[in-house]
Amino acid sequence: MINVLVAGFPGAMGQKVVNMLKAHDDFKLTAIFNPVVLDLDPAEYGLDPDVKVWHSYDEIEDGVADVWVDFTTPKAVAQNIEAAINHGIHPVVGTSGMAADDQKRVIALAAEKHIGGLIAPNFGISAVLLMQFAAQAAKYFPDAEVIEMHHEDKLDAPSGTARATAEMIAKARTAQPRPTTDDPAHGEKIDGVPVHAVRLPGYVAHEQVLFGAPGEALTIRQDSFDRESFMSGVAVAISKVQQLDTLVVGLEHLL
Amino acid sequence: MINVLVAGFPGAMGQKVVNMLKAHDDFKLTAIFNPVVLDLDPAEYGLDPDVKVWHSYDEIEDGVADVWVDFTTPKAVAQNIEAAINHGIHPVVGTSGMAADDQKRVIALAAEKHIGGLIAPNFGISAVLLMQFAAQAAKYFPDAEVIEMHHEDKLDAPSGTARATAEMIAKARTAQPRPTTDDPAHGEKIDGVPVHAVRLPGYVAHEQVLFGAPGEALTIRQDSFDRESFMSGVAVAISKVQQLDTLVVGLEHLL
Amino acid sequence: MINVLVAGFPGAMGQKVVNMLKAHDDFKLTAIFNPVVLDLDPAEYGLDPDVKVWHSYDEIEDGVADVWVDFTTPKAVAQNIEAAINHGIHPVVGTSGMAADDQKRVIALAAEKHIGGLIAPNFGISAVLLMQFAAQAAKYFPDAEVIEMHHEDKLDAPSGTARATAEMIAKARTAQPRPTTDDPAHGEKIDGVPVHAVRLPGYVAHEQVLFGAPGEALTIRQDSFDRESFMSGVAVAISKVQQLDTLVVGLEHLL
Amino acid sequence: MINVLVAGFPGAMGQKVVNMLKAHDDFKLTAIFNPVVLDLDPAEYGLDPDVKVWHSYDEIEDGVADVWVDFTTPKAVAQNIEAAINHGIHPVVGTSGMAADDQKRVIALAAEKHIGGLIAPNFGISAVLLMQFAAQAAKYFPDAEVIEMHHEDKLDAPSGTARATAEMIAKARTAQPRPTTDDPAHGEKIDGVPVHAVRLPGYVAHEQVLFGAPGEALTIRQDSFDRESFMSGVAVAISKVQQLDTLVVGLEHLL
């Protein structure tokens, strides 16, 4: 049984984490960290009355939690991670927007205290596996293109994940790909990999990697239909984070 | 039973036409038009000994063929079509590269003589249906993108068919699509439709049209694995061309 | 401007209809029919105070609504449609489960009164277009298979839409398909069309039709990510139902 | 530079191997083993005149070849492998149909002589990667289905590769999948994994693995358009087989 503290409990992701913990036999929600809502009553949220509710770092008791799941704010996250590490609790962090300096500092602290933890920009397992498989396939198939498809409101194109995938493919190649063209229809070249972005209503978040070689093709595709999907990644992280002894970035370290 | 003359008999497409005619119960190869090889012996090609072989327009006998299938050369095609029409034979033309003026002239001649015929830039039925369906869907879904995928040696991007599909979508729309972005990853905009071209070894000739609307998506895809596929379109054309009384351009007129 | 009455206003689909009407410039919600909640206050739902709220058929005023949108219950629906027709209001019905006899009776009444209307088992435009395109393609490609993919909780397999698609393909064929095999992996044969059902968590409601012919393939796919998508179909129905003068079944009659 | 002997030189696959060797800078065809055609003249096949042509095992000279590529017959293959091993040449075997006993014997011989080699049922890299990735993904996504698509003349359904993929998924799972249904549309269950077979003209050889989890999906697809594709796998095998010191079965051992 793994005891879990949740920070960012009232947020959309925090609530999804609580529901996931309830549904999972091996996890137990034992504590909530919430410096904002001072009179938070666990019973009101349908929680066990013995769940601890802490509002400041001073109140945290050692031994109550093994893992600290953090979906809070860019402002709070670095201090939260420090508090977790100082209490021997393994951080699993989905909060985005931490400053680079802060990230360096908490990684150093974790190394010093020998407390493993995870900071994950993306908890979607299908996206992380797609990137891993693309890097493996690129060793055999140097010719690849990436197509990502998102809802019409996504502002940046291509997506950060598509960009990262192209970079991983370029790095993993062991042979020169064929030259690409400058045609505007032939995608944006990221490290020499054409990347195409589709923006259409109805779509949520999807990515395809296409590999071609004489007489054959390999395609890897992932679809994120719902943010619900990130919970499988959080569950993997909670299960395995205690195996780590440093604070790493990227769910792939636990897959 | 439809009697068929083949012009361009020795070429790759001509040979495919002959094989298709043999396999089809309703068609009969009755004549070959070949001004180049003067001593062509039908028996040598495994043909019926009573197949007529003509080397000049003068030799053509009326009544021997209902349909003139032409896979010849840009130089010969216009004169061939004129000869067909003048003998009351319906032309089905797959030869590409006819000059615009020549095309106008033969269309006018067909109208004058009331002989229907077909000039088809693409005999692939799946490609023609894809374009038709895309135009129908665009009435309900103004937001669309086109992705075509071809072998790495294809020089132009996007393909002519993808370009034509985008134009048909733009024309068929009954509502304004959402604005597209200028991001280089977001395709070449053809009449406001983003078109993406993938160039990879292994691929042959493939096209997808993606439509998106709140909560749903519709995708139409066609794959041409082999030039063999064009024969189904030629067969449809031979079957139906006698229903036409003008010379039209595009297989869609017979689907 | 089309004036619309909504029956089944408090349900999930009813609420979606109300939101869609608000967002649409050509539609105006003018009346609610609700025999259950007697003290329903439109203001409470953010509606115009001049929206009429009727609790019994007697209260219905002629001229207030052009279209009656019905997402109610199998019990109420037939009587609702009768009331609509008798008041000269065109019914657009998404309620499922009407008895066959009741359906016959209301269709006869509509014919007698010359009031057009629509009963639609599926308002998803992508699904309706997929079926239409599949029937058109089957004329040229007799060999087809259907693959539908749904969430793991869907009880019946294959889905009603997949079944209907297979029947439409079989009916539209103009040539004999190749024989199918008895292998259990080769799908359930519905009118000779192999139909495959995939049941996986994460998936919502998706259908593909695959056509194959020598050297080429055509694939039509639709994805329903969200029930939201049905609203586009309801909007089409509201826009066009007044063009009908009989009560028809199936959104395809208006596409 | 790797020196290669080809056995089965006159066959379709043998010829493809020869062309691949010519196109590859790191490989050199140095010998042909052909006990059938006794007067085979390398020049006639456009080969270097100094290519050795051997008709019996006695003629084989040590040091002339590093790798023995075998695309011969079920009858000849085991003896060929023995001859290769006895001359210190690493066998790369694509010949299918070797008896189980023979296979055991040659594996034992290779172990005894410390000569590594490869017997590969499938040299298609995309198919081998698909199976590897499917096994990796199954650790995180227990719910999976397989869809394979082949030309209408393929007699068995599902394909051997699809069957093997399902078995690998079942073995790699770390959690129980959801129960499948008995519906005939829901695939043949192989080790509890539903497997669907599509048989349509036009298709060549294609396989998809679909994984689903709450809110997300992962799909891996491979297409074999042409037997040409197997040559990439043969090239990988020739490059790496000297790293092995036992005779292994399955290209995945070298990927």
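To keep things simple, chains are lettered A, B, C and D as they appear, and every chain counts its residues starting from 1.
To be clear about the criterion, a residue touches a chain if its C-beta (ideal position, glycine included) is under 8 Å from a C-beta of that chain, and two chains touch if they have at least 3 such contacts.
Just so it is clear, the model here is predicted, and its values are computed rather than measured.
Student: If I average the CA coordinates per chain, which chain comes out farthest from chain D?
Tutor: C
Student: Higher C-beta contact count, A-B or B-D?
Tutor: Between B-D and A-B, contacts are more numerous in A-B.
Student: What whole-number Å value describes the gap between the mean CA coordinates of chain B and chain C?
Tutor: 37
Student: Averaged over CA atoms, how far is the centre of chain A from the centre of chain B? Could you give it in whole Å?
Tutor: 50
Student: Let me have the rounded angstrom distance from the C-alpha centre of chain B over to the C-alpha centre of chain D, please.
Tutor: Going by mean C-alpha positions, chain B sits 39 Å from chain D.
Student: Residues of chain C that touch two or more other chains: which are they?
Tutor: Within chain C, residues 202-203, 211, 213-217, 223, 225, 229 contact more than one other chain.
Student: Take each protein chain as a node, join two nodes whenever their chains touch, and name the resulting shape: line, ring, star, complete or other.
Tutor: complete
Student: Which residues, counting only chain C, touch chain A once they are in their complex?
Tutor: 202-204, 223, 225, 229
Student: Which residues, counting only chain A, touch chain B once they are in their complex?
Tutor: Of all residues in chain A, those touching chain B are 143-145, 147, 149, 152, 156-158, 162, 178, 180-181, 183-188, 194-203, 210-217.
Student: How about chain B: which of its residues touch chain C in the complex?
Tutor: Chain B residues touching chain C: 124-126, 129-130, 132-133, 136-137, 140-141, 211, 213-232, 236, 255.
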